[in-house]
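As written, the chains take the letters A, B, C, D and E, and residue 1 is the first residue of each chain.
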Amino acid sequence: METLKTISGYFATIGVAFTVGFLFMGFRRILTARVQNRVGPPIYQNLLDIIKLWSKESAINHGLMQHMGPAFSITASVTTLMFIPVLRDGNWFQNFSFEGDLIFLLYIMVFGQLGMALGAGQTGNPNSAIGVSRGLSQIVGYEIPFVLALTALMVYHETTSLHEIMAAQDSIGGWNIFVNPLAFVAGIIAFLGMTHYTPFDVPFAPAELASGPPSEFGGKYLGMMMTSGSIFAFAKLTLFVNLFLGGASNLLELLVKALALYLIPVIIGIVTPRFRTEQAILFFWKWPTIIGILSILWVVWMR
Amino acid sequence: MDITGIPFFLAVSFGGAFLAYLMNFAHRFLRNAVVLLTVSASAALLFWLGDETFSMEMGGFVLTLGKTPYSLFFAGIVALLAVPTVLFSFTYMAKEERPAMYYLNLLITIAAMYGILFSLDLLSLFIFWEIMTWSSFLLTIHKGGNATKAGVKYFLYSAAGAYAILFSVVILYNMSGSLLIEDVARSFVLQNPLMQLMLAGTLLFGFSVKAGLMPMHGWAPDAYAESPAPFTALFSGALSKMGIFGMGMVLYQIFLQSPFSLPVRELLAWAGGITSALATLRAIQQTDAKRLLAYSSVAQLGYIVMGLALGTPLSMMAALFITLLHGVFKAMLFFAVGAVYFRTGLTDLNELRGLIRRMPVSFLTVLMAIISLANIPPLGGFVGKWLLYESLIQSDHYFLVIVAFFSSTASFLYVYRLIFSIFLGQEEKEFEHVKEVPFLTMQLPMLALAAVTFITGIFPGIVLAPISSALTYLGFPIQHDMWSMSMLFNEWGNRMNLLAMISVIGTVFLTGFTILYFYRMRRTRYVTTKDIHTSGEVPTENENLTYAINFYQPFERAAHPVLSKSIRAWIDWIGRSVSELGDFLRHIYTGDGQTYAWYVVLFLTFMLAAGSWIL
Amino acid sequence: MIYYIASIAVMLIGLYAVLVKKNLIKIVIGLSLMDAGTHLLLVAIGFIKGGTAPIFSEPGLTADAMVDPVPQALVLTAIVIGLAVTAVALALVIRIYAQHKTLDIRKISSLKW
Amino acid sequence: MKKLLAAFLLGFIGYYLYTAFAGVPFGENKMEVGKDYLETTVPKTGAVNTVTSIVVNYRGFDTLGEVTVLFLAATGLGAILFGMKGKPEDKHREPSSILTTGAKALFPIIVLLGAYIFIHGHLTPGGGFQGGTIIATGVLILILGIKSFHANHALLSVMESLAGITFVVAGILGLAFGKNFLENILPLGTPGQVLSAGIIPIIYIAVGFKVGAELAGVLDTLMSTTRGEE
Amino acid sequence: MPELFPLSPVHYVAAPLLAAFLLPLVAKLSRSFIKILPGLTFLYVLYVSAVLYPQALQAPIIEQIAGWAPPLGINLYYGPMAGLFASLFSALGFIVWLYSLTQMKQEPLDRFYILLMMLVAGATGMVLTGDIFNLFVFMEITAISAYSLTAFLREDDKAEAGFKYILIGSLASAFVLLGIAILYSYTGTLNLADLALNMDKVPLSVRVIVFGLFLVGFGIEAEIFPLNGWAPDAYSAAPAPVSALFAGITVKAALYALARVTILLFPFAGSMALISILGLVTLVISELAALHQKNLFRMLAYSSMGQVGLAIAALGLFTAEGVYAALFAMINHAIVKGMLFLTVFAMAGGSATLDGLNGMGRKKPILSLLFTLGAFAIIGLPPFSGFWSKLSVLTAMGQTGNYAMIAIVLATTIVEAAYFLRATGRLYLSEGNPAEGKTPLSAIAALAVLAAGILWIGFFPGSIDETLTAGAQDLLDTAKYTEGVLKD
């Protein structure tokens, strides 16, 4: 019984993540459209897209890695999700979060990128390859402020466990966004890069590279990737909520906090033009990195 | 002779080398049998190695051999890589010239590595060290052509390192009257701190050359790129680790008590960090697969040095774990690249492409290896990096964390370039008839090592057990609650459950893959990589649209300020200056006999004047 | 004393020729002169005022009244050696001249550096 | 400039050499070993000529070396100039008939003089070297005086070999008789007689032959490679 | 036989002399004697070594020539060190003879072998003699043979090298003779032991002058910088077997003379330090100059000078360890450099260039292997003989606290490695197509003996330990020397 409950917990988490993920994405599409004075698609448009893709009659593939790539991607998304405590406490939505820590999350999050890159590479489409080249280069950019921010937090709380970091932020004043705003700034800028929204959307660069890495994907493959993307978006947001906003004790709180966080990249994305790859990299290596370093110094000084 | 003794062990290792050389005159199968037998026998003998030490006198010095848990761990690495290496060599070297010479030197190198590890005194260590150096030099120049230059470069760097070691050894011997490491350590602490600093500094410098630590890494790219691929695997995987072995020995058996120990280790850790970062950037630039891997090796050795220098139990565990793992996955990569070279004759990333369907096993090997190299769970590489980051954070080296993380992330770039350029992208007509390499001699070593990365990723305890006894020997208190078979713990008490990890990853991956593969399988249509849509056009047969040349141009533009400077150029400049000095000096010998007479008279005048002046 | 100075002077003149003269034959002559100077010096060392030749050719000659015989013996040997060296040197000069058609030492420097 | 520097350096060296010798009084008796030689030569070696006894007996080893040096010079000359021929176009002036006749006439006398000198080496001034040199001068006169003259190299080499062997064998005989190398094994005889002084005359005669032959050979080799030949 | 001809050190000189005088005679009987006789002579001399050297290790053998006790007569001092050198010279002579049997084809062969024997005999005489003037005579014997051998071959530049050699060599002999004259004028004696006891008669300022003269004189033969201008030319011009002997014998004899004279007559700290420094300077400059040589023999010549510099630097310490190390270095150098000269000659002929080695590994694998072995040994890589000799040099320097010297020696070793390995690398180049050719058995045998020596010393350095220790003590114990010579 207990086992059944646990397992159903897993699926519930995935379901929630998927739903929230596509809703948020739909929300962004609407928001963008409104700013551009369009009506925009319905909020559930992404779900429709995914359903359409999965139900397509036929799909083409260019070889083994086209199966492997999306599989890697979904693996990374779901594993990330499974190792993040979705809520502060309670039995549900904890999943495997006691079994791994932040360092693990850092790495498993990249796994999906690599998987997608491999899948894209197999297709032989030059646009995909260019996209991969840009995307991987950009990772090297934003991971630095991200790790700086995480390090600041881990050092401050003397733990690498997400649970303990959450537990330490027991009041609003204890939220890391207020305790260590510098780390938050560095982290959120890195988050901008992670979302691949403008100004950091050069890897996918619609209208320039077709759609970048997934150019040759269609049908079930693209469907799998989009599913994965929705789950991953939720996982990332939850991670940031846990890290900086003290986590959430129920799903609603989580939703609000996550939406608040999500608005930042979305709004910035609406109003900024696209960075070129090296501009993006250099941007990440400049201000966010300096801010991140300052945040660590701040932590060291506070201890 | 006692078959559990070190003398017998070394006799087998060295004797096998010469026997193999002789057997070459009989038949090559006989030779191969001897070669394989030798390395497997010495690998097997490692398990039965007795504890007693063995001393002999040579040239007025007492040489002592014996095993320690620390050396046994490294010997395990050597054995683990030596067997696949010789196996891989059999087919690979069949096409090359002078195989007898190759096997002779290869076995000598392996035996000398064992010798280094089982040396209890500094002189025998040095002797085996030099034997290893010259035999590996001969292996490096095996191909001729550019390899000769690379080999000489390798040797000169090594010589600089080795003689730095010898310098210290001579002085230490003079101070303590003994060569035994423990005696040396005892008298070492009695010296004044500056002397200690100088001696340990030269020793560390010497060992770090072999480890390819910047700025003394200049030999590595050339030597790795030019040596025969099976040997390169051993070269990067095991041979360069001898430098790590020596550094660990110096830092924790000799130098630990010195007041300068901490600053020096701090410095070393930073050197390691900078090495890993800069070498990673260089690796991204490379267009030759072996050079890319060479820089990657330098970078990985940087991590190891970092962990080694920090000197916390966790960091030491990390260092030794990466030492093993790097050996394994780098050997896989060199094997795979060697396999590709064996079939296509190419290592140039700009020319190779689309081999995935032709050489699937090699592809799988590379895939496993790069996942391990990029520290991505669930393979072994992740465990090493996990330990390393935890230890870096917990020993308050926050900025090293960043440096390390930067190079770790940046390594995705080059590993992707490697696998993409060789195996992915559009297929080339040129490679249509390329076949996968033979199973027994070439696939098997690769797959076996791939299995190792997988197993160590889930059950690192298999490796951590010998590591912790090695560390206990070095004086690190490794308790049993610091690791378990498949669970990692940091010093803050956080844990990483690898079994949980593999279950989640495994389940999701298998499910995802199954769904993708079988869902509407009938409706899924395979098309070639030529059949793509690019702006509505389909490329013709002869066009290859793979985007592989200048793959990371934007990134290189961003990193240009760093990449435009070259440490190697500085070292080369020193070499050139010495050479020019030599050219200048030889003009002393003008060729005119009368000038020589002038020299004589001038010298006599000088002697007379100096003599009377002194009086 | 003047004998010493004179023989040293002969020697130095020879050395001067070796250092400055360009003609191979002259250099060989210089070498010979150096030898000769040294030989003179040796003999001068052995000289004793009022001494006779160290030969007991007639009864009544005593050892006290004789010059030192050792330098004479040495000079004998040294002269022969000097002769031998000169002969070999001249032979080499002949070879050089036959091959290079010159005796200028500056032009004979194909082996250098 | 070079000359000035050379002069300066040589002056410097000369000064030091002078100071070295300034402490040696000229013309005074400062013998140490020399005295012993003078006192022992007649009773112990039987030779009245002390220089000879030193050269051949006391320091006979030097002389053996000396002979070897000369032998080497001859050998070396042969090796260095092997196969070289003078050019016919460098013709020398024909010797006049007076010269030719005179040379022929003088030669036996010169040889005789030389022989006398080396045979009486232990008695009178002179000895093997001096005698040998005189003989070689005789040959030189022949070379200069007679255009077609050629020394018989085979004969010369046999002579020098035999003479050299005599010297060494004389030395080894000392060993064979249980004494030292080059030690006298013959009766000393009466000092002042030709047949006295043990092996000294024998060695000196050998040396005389050897020096004569070698010098003649050297002269002839040098001449024949420089002089034009038809 | 032993009763008739009791073996004594003088056989070292007498036997080759007799053979040399006999050679022109027997050559007339049969041409084959020309080749056989020198071999027999060297064999005999080796036999003498085999008998006498163990005795010398017990107590030095002092032989009085012509039965005159020193200081009247000339004596031979056959102590452990002289014995070591004499044996080494004989062995090298034999090996070079063996090699020349098939490799030396240039006429006149009879003269070649005479000069060869005299070169060895002269050097041995230099080592054996106890009389300074006799030393001079033997030095001249060695030198004149060397001059002639340098110009032995007929190519254009050989006579030139010979002339340079003779020019500088004559200066050396003039200076040595001058030094002897000065010493004699003050002390009235020529015997080394006697001189050592009478040195207080010589004013200090004069002693310095004489030391300067001797240093220049012997230094020229010992190839000390800057007196070694002749050396590269002579080494590269002489036939390779002779070059091997130059490196193995003439230099060593001159060094022995320099060491013996310095330690007996000028034992001041300054002179010793000076020798050490000169050695180091020679080492550094020669090794650097070797870096750019295209001609292999020239390269080996510079390397020889460097190695001798190393030995001199160790010798200049004048401690037991220092002399031990210097002896070790000299023996090692004699064997290894000898082998290298002979190998290069067998491989690429008399005008071997660096380019000529390209691809030799395929055509002449055994010779290439030998060259590699020699290169490794000379650099000082274990487990070859060079390692132990270099190590002993380093420990000797360490014992006197001269850490800077250690650093210099090690730094030059890197330079040495650079040019030797560049040459070694060329052997295994894939390009280059040298001519095929069989190496005759006698040459291979000679090289094999030397290679075996390298390996033997490399694996059993202890086997020559006793020899070297005894030699070092023999050189340093001046009191024993003078007492031994002047005992009656």
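To be clear about the criterion, contacts are C-beta pairs under 8 Å (C-beta built on N, C-alpha and C of every residue); 3 or more make two chains touch, one makes a residue touch a chain.
Please read these numbers as outputs of a predicted model, since none were measured by experiment.
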When subunit B is withheld from the analysis and all other chains remain in place, what is the resulting partition into connected groups? A | C, D, E
Enumerate, in label order, the chains that touch subunit D and subunit E alike. B, C
Along the graph of touching chains, what's the shortest path length in steps from subunit A to subunit C? 2
With centres defined from CA atoms, tell me which chain sits nearest the overall protein centre. B
Of all chains, the one whose CA centroid lies most distant from that of subunit D is A
A student comparing B-D to C-D should find more C-beta pairs in contact for C-D
Based only on mean CA positions, could you tell me how far subunit C sits from subunit D in angstrom? 15
Distance from the mean Cα position of subunit C to that of subunit B, given in whole angstrom: 68
Could you work out how far the Cα centre of subunit A sits from that of subunit B, in whole Å? 36
Centre to centre, by mean C-alpha position, how many angstrom separate subunit B and subunit E? 44
I need the residues of subunit B touching at least two other chains; which ones are they? 586, 589, 591, 593-594, 597, 601-602, 604, 608, 612
Please list all residues of subunit D that touch 2 or more other chains. 6, 9-10, 13, 16-17, 21, 24, 30-31, 33-34, 37, 59, 62, 65-66, 69, 72-73, 76-77, 80
Residues in subunit C with touches to at least two other chains are numbered 11, 15, 18-19, 27, 41, 45, 68, 70, 74, 77, 81, 84-85, 88, 92, 95, 108-111, 113
Inter-chain touch pairs (all): A-B, B-C, B-D, B-E, C-D, C-E, D-E
Can you list the residues on subunit A that touch subunit B in the complex? 54, 57-65, 67-68, 70-72, 74-75, 78-79, 82-83, 96, 99-101, 103-104, 106-108, 110-111, 113-114, 117-118, 121-127, 129-130, 132-134, 136-137, 139-141, 143-144, 147-148, 151-152, 154-155, 158-161, 164, 210, 215-216, 219-221, 224, 276-278, 281-282, 285, 292-293, 296, 300
Which subunit E residues qualify as touching subunit B in the complex? 163-164, 167-168, 171-172, 175, 204-205, 208-209, 211-213, 215-216, 220, 226-227, 229-230, 232-233, 270, 285, 287-293, 302, 359, 361-362, 365, 372, 376, 379, 381-383, 387-388, 391-392, 394-395, 397-399, 401, 403, 406-407, 410-411, 413-415, 417-418, 421-422, 424-426, 428-431, 460-462, 465
Please give the residue numbers of subunit B that touch subunit D in the complex, ascending. 601-602, 604-605, 608-609, 612
Subunit C to subunit B touching residues, read off their complex: 15, 18-19, 22, 27, 105-106, 108-113
Give every residue of subunit D touching subunit E within the complex, in rising order. 16-17, 19-21, 23-24, 30-34, 36-37, 40, 57-62, 64-66, 68-69, 71-73, 75-80, 82-83, 154, 157-158, 160-162, 164-165, 167-169, 171-172, 174-176, 178-184
